[in-house]
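Below is one structure; the comments refer to it alone.
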Amino acid sequence: GGTTRGSDDSPTANQATGQANPDAALVEGLDVAFLPKQVNNPYFTVADGGGKTATEEFKGKYKEVGPSEASASSQVSYINTLSQQQTDVIVTSANDPNAICGALNSARQAGAKVVTFDSDTKPECRDVFVNQVTAEGIAENQVKLISEQIGGEGKIAVLSATPNATNQNAWIELMRGELKKPEYAKIELVTVAYGNDEDQKSFQETQGLLRSYPDLKGIVSPTTVGVAAAARYLSGSEYKGKVALTGLGTPNQMREFVKDGTVKSFALWSPADLGYLAAYAGAALASGQITGASGEKFKAGKLGEYTIGADGIVVLGPPTVFDQGNIDKFDF
Amino acid sequence: MARDVVRSTLARWDTVLLVVLAAVVVVAGVLVEGFASGRNFQFLLLDVVAIALIALPLTLIVITGEIDLSVASTLGLCSAVMGQLWVAGLSLELVVVLVVGLGAVLGAVNAVFVTRFALPSLAVTIGTLAAYRGLAFVVLGDQAVADFPFSWTTAASSTVGGGSVPWAAVVTLVLAVVFGVVLHATPFGRSLYAMGNNAEAATFSGIRVARAKFWLFVVSGAVSGLAGVYWTLRFASARADNAAGLELAVVAAVLLGGVSIFGGRGTLLGVLAGVLLLGAVRNALQLADVAADTLNVVTGGLLIASVVVPNVVGMARTRWRRRQRTA
Amino acid sequence: MGGERAAPLLEVRGVSKSFGAVAAVREVSFPLHGGEAHALVGENGAGKSTIVKMLAGVHEPDTGVIVLDGRELRLTGPAAAQAAGIAVIYQEPTLFPDLSVAENIFMGRQPLGRFGCIDRAAMKADAVRLFDRLGVRIDPDRPARGLSIADQQLIEIAKALSLDARVLVMDEPTAALSGVEVERLFAVARALCEQGAAVLFISHRFDEVFSLCQRLTVMRDGTWVSTDPVADLTVDQVVRRMVGRDVSTLFPKEDVEPGDVVLEVHGLTRHGVFSDIGFSVRAGEIVALAGLVGAGRSEVVRAVFGIDRYDEGEARVAGKRLPVGSPAAAVASGIALVPEDRRQQGLVMELSIERNATLTRLKPLSRLGLLGGGRERRSAREWTKRLQVKYGRLSDAVGTLSGGNQQKVVLAKWLATDPKVLIVDEPTRGIDVGTKAEVHRLLSRLAADGVAVLMVSSELPEVLGMADRVLVMHEGRITASLTRDEATEESVMFAATGRVSA
Amino acid sequence: MSARENGSRFVHKLWLAREFGIVVALGLLVLVTTVDSPNFLSPQSLRDLMLGAAILVVLAVGQTVVIISRNIDLSVGAVLGLVAFATGKLLSSAPGTPTVVAVLVGVGLGAVCGVVNGVLVAAARVPALVITLGTLYAFRGIDHSWARGEQINASDMPRSFLGLGTWTVLGVPVLALIALAVMLAVGFYLRNYRSGRELYAIGSEPAAARLSGIPVGRRVFTSFVVCGALAGLAGVLYAARFGTIDATVGTGIELQVVAAAVVGGVAIFGGSGSVYGAALGALLLTTIGSSLAVLRINPFWQQAVVGGLILAAIGLDRLLAVRAANRLRGRSSHGA
């Protein structure tokens, strides 16, 4: 979210300048750099791994750089470095939608194409945003999952990441909207707790939720750290099987809890596919196949063809729902 | 006095740092592609400005034997308040003044605990480190204010005559000169070394120890507030978590600069060299695609070396002399 | 003396020690015999404490050896010295302020009970027993923080006694003690000698040296001068050997016609420490504040100077009331205080001699708010020269000076401020006889120039020799105010022990 | 001395003890929370509190040993992270490893990190704050380069090991019992053994400690090894309790640990304080986290409250110290 005041007097950025040539071949030997929110974060390691696969497919040079702590200021410093190195494609997930804008725009002026994935910047600072799913898609999916598990009525709570995680807040807002639908009228979202994407804090917050709302029926945790911590707490407590839990998590983290019955189902998109798609989007930009304008199409290897939507957004697809039946088919 | 300074080990540490800094710049300029360019120089300076700014008053504080760990949280709270005031419709000129004033007030809170209640500053500022950061979240919550006027945000990274020296670095340098003169050539600065070595003896000499420390904390807060303004404008984003964890980087730079953590020893030149050295090493290694993990190991290693090397050299020298004498 | 022919218990043989360019001790040899107290005397900086530190294992000799029972000792550290049976009382107390008095005494040697645990009850009882031997009462359970210098020194003595050592080394143990305690200490030392121990005793007070010791070694400028039985010596001989010349008069008191009252104190009270203190000092007058250790004299002058706050009363300088608790204001109004603990309060040990000497005059020495090098250096050089401070370079850390020379630097930094009132707390503590005479001459000179001098001293001859008036304190109150004529050893001691005269 | 007099003396001592203030604060906090939300004192909830505090208590106990000797160890968070990852790696690559071996390996690795700190601080005689700030960066860097974004999950580790984090004995979590045992053992050692008392002496006045013949270097070295070993133990416990481990585990926890010790009345410049106080400080800090979560206080306020509490705790400690000093002033030092 962002508090705003008056009109924005920053220059409207160069949305999709030049002409797209849909038939241009992908240039070989492109320098593709992935700049995640934080290196060594397992989620981004998998996502960037997808990017690496894609880059190798189109014979580019892949590298992953980034700060060891998730802060916007260090990302700026890395973007400056990349621009200094004349990188062709920068694929990044923003720690702050505004803070890295200036640096990204200088990099673009220096010739780089910028793709954001997972977490966007302001639209005028990048060429394309590869969205894992639409926010609406997540909200719908999560509300549906929890409603199924608690039988359509009762109190639920959300366990989120940090209080200022942009996409979390967007999803939670949309979930509130979703809950207003008639079929969910008997479900009440009582509170949002923040586990800061730390195990210990998420643990404590889960305990707190159950303490302060003894009649809580379910918890939705749309963040991988939060849902794993909550599952681990529930599985070792008297609430196991009584309080429902769902959210966004990786199959490897959640396998144990699905098998022991703590969690019936949860969802996630494939992070590797996300990175894969982002790399192809970058290559398409750098090769002149697309400019980032709405309606342009490009091919993303094994994932097939994608179309750029409004505001230069490409959507990966609906999330996968994991449950006892299918979880063993996934390994990430 | 000049001879005196030259002879002291400290001055030698300054020189060592400057030589190492020059060596790093030359080596990186030759070996690392993209290092020796005006643009990179500009990026490097922009990155170290906030650390350098905060390090100035912190140097003086550490010389008196105290420490201020709340600087980055002060920066964050000031940034958050800056965002709220801007949203509330105040003019940015006024906002900047108020925010620097707020920084001074936050510094004064530290000062009151440290000087009036005679509490250890390490403990106090660990407390305010948490408290100020918490208040920043209370003020701005999960929001980010990002619609500062374009003219202001570009000013934060604009350069002198469009060259490669940012205005912010020039301002920092001017402040550094002011702090340097105050520290090394005024009665006030002299008294800081005395109280850092032995506060009781300084009191017995008629030096107003508590008052001096009080003002140092206030100035530290105000400068952190100013750094908050810079940070907010440079990244065009007022956030509660701005510069989280920066305190360790600043303390590391000050210590690398040869300031004794126990007080009473250190020079401002050394600290500036330390700040630039850390910045240059990071920048060069980043350009050479060295991973962030290795960067951290290098930073830690530099810090350890900065205290271990002079000590070990000193010990070895004494031992060698003794052997010579007895032989 | 039976020990005359027997082999010495411990022998210092040709030891030297240098610190950088300073040769503190050069080729010094002397024996310590069991059953004997041996005095080591010399000017400030002669190298006495350095010898002590070599015996204690703190410094390793550059050359030469220490021989115990005919065997060469290699002392690698204080623990090795203790293990060899050498107990040391250092010139400066070395206590642990956070720990209890009993633990301070027995640190590292606490009596053990079951499972190798410390037996606290036994430790406390042992401490009480030691204090009984010394004839003092200090609560063994209280923390050492906040004890007076004298009490700290007593704990040091108790610590050394507790070691039951064969060699007891005492570096100016009596500098902070008053007569009664000194007597008890000597009784204990004599008892130890009778049991066959050897005692090395360092003091600048010859009456003590002559009453305790059987043998005496003189040092000058780091070298050995002589070792003789005390019976063969006179004080004048010793002084001549120490200083290399005769010392004229020790108390060169000039007669001065006192001027206006400069310092006035009325009804000064700090609850639990002192109460209702009132006195005045005139320009040109030397007023002594006498009393036993712990009477509260230092506390009074600290309060006047603004270090401590007081609860009632007031202090005025030249009619102007001093604010409570502000040394800076006191300095501005013309007071100077030479404190009793020069290490903690008088000097910044890590800073250079120059910096210390000018620390009180930073503002006057600056021009346009800036300090340039030359003026400080000139001022420091001038004042260290006037006081004849012995140093290598002005840029050396003041901590490397000997105790007496450090004291001179403290005096220098205050005299440079040109004070109206000079308060000196134990001004000659740890100062050799030659320098002592100099300090006294200096005080006298200052008084003659119109400075009001207030002198706290535990040394009775100094009090009687120098003061125009003597104020005697006992347990936080002034019990007598005596003129120079009324003041005698008896009258002062009478008031100091609280027996109010009829 | 009669029993009654003994009793009143005990009460008096208790009142003077630095730990007393923390116990009162803790009591008030629990009371307020319970009034608002009665099942805050349910068995499950109490178990959770103990579980939550256990790891911090172990760290705070180790930190106290170092702080008492006038040093500080800022690298504990990095050591915890490194050991947690190593333990996870060991168990996931050799699932048959007995829990005891895993614990020993973790403690050993922690001790090795402590040795690095100890050697640098004691042998090179350099300030611990600088050294451990350096090793904080270095150990964390090693952890990151080793983990390279790998995550170890509960399913990768044997159930018997994970049980360490969830088992209870008579309703009390094993984790809490371990922390309690560590605290009592270290507390007993510091109070009743010569080498323990020497740590206090060193912290109180290092120069005097040297002159007293205390082997200062060796003691300081040992204190860092102990602190490192306990940080290692905490790392193992962390792995067992949370089951999800990556390279960021324990980031920033060092300030919390120091805060716990300070809140618990351990003087930051050495010489005084106890592990019991530090452990209580750790318990208080974690209870605040839980209470605020239960009271549904705006999460944004949490950190601010923790900060305020640290200030209040050291302020209170100071007040008590001044009161004690004033009483000493009233009695003369010679009064027995």
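First chain written, first letter: the chains are A, B, C and D, and each begins at residue 1.
Definition applied: a residue touches a chain if its C-beta (ideal position, glycine included) is under 8 Å from a C-beta of that chain, and two chains touch if they have at least 3 such contacts.
In this text, all values refer to a predicted model and were calculated from it rather than measured experimentally.
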| item | value |
| --- | --- |
| Taking each chain's C-alpha mean as its centre, the one farthest from chain D | C |
| Pair exhibiting more inter-chain C-beta contacts, B-C or B-D | B-D |
| Chain centre separation (chain C, chain D; CA means) in Å | 44 |
| Cα-centroid distance, chain B relative to chain D, in whole angstrom | 30 |
| Distance between the centres, which are taken as Cα means, of chain C and chain A, whole angstrom | 74 |
| For chain B, residues that touch 2 or more chains besides their own | 137, 141, 245, 291-293, 295-296 |
| Touching two or more other chains - residues of chain D | 140-141, 144, 267, 300 |
| Touching two or more other chains - residue numbers and ranges from chain A | 39-40, 68-69, 163 |
| Touching pairs among all chains present in the structure | A-B, A-D, B-C, B-D, C-D |
| Chain D to chain C touching residues, read off their complex | 192-194, 197-198, 200-201, 203-205, 207-215, 267, 270-272, 325-326, 328-336 |
| Chain D-touching residues of chain B, taken from the complex the two chains share | 113, 117-120, 122-124, 126-135, 137-138, 141, 245, 248, 251-252, 255, 260-262, 291-297, 299-304, 306-308, 311-312, 315 |
| List of chain A residues in touch with chain D within their complex | 38-42, 44-45, 68-69, 163, 191, 193-194, 199-201, 203-205, 207-209, 211-212, 214, 225, 228-229, 232, 236-238, 252-253, 255-256 |
| Residue ranges of chain D touching chain A (in the complex, touch as defined) | 37, 39-40, 44-45, 48, 52, 140-141, 144, 147-151, 153-155, 165-166, 242-244, 246-249, 251, 286, 289-290, 292-296, 299-300 |
| Chain A residues within the chain B interface of the complex | 1-6, 8-11, 39-40, 63, 65-69, 71-73, 76-78, 80-81, 84-85, 96-102, 122, 162-165, 169 |
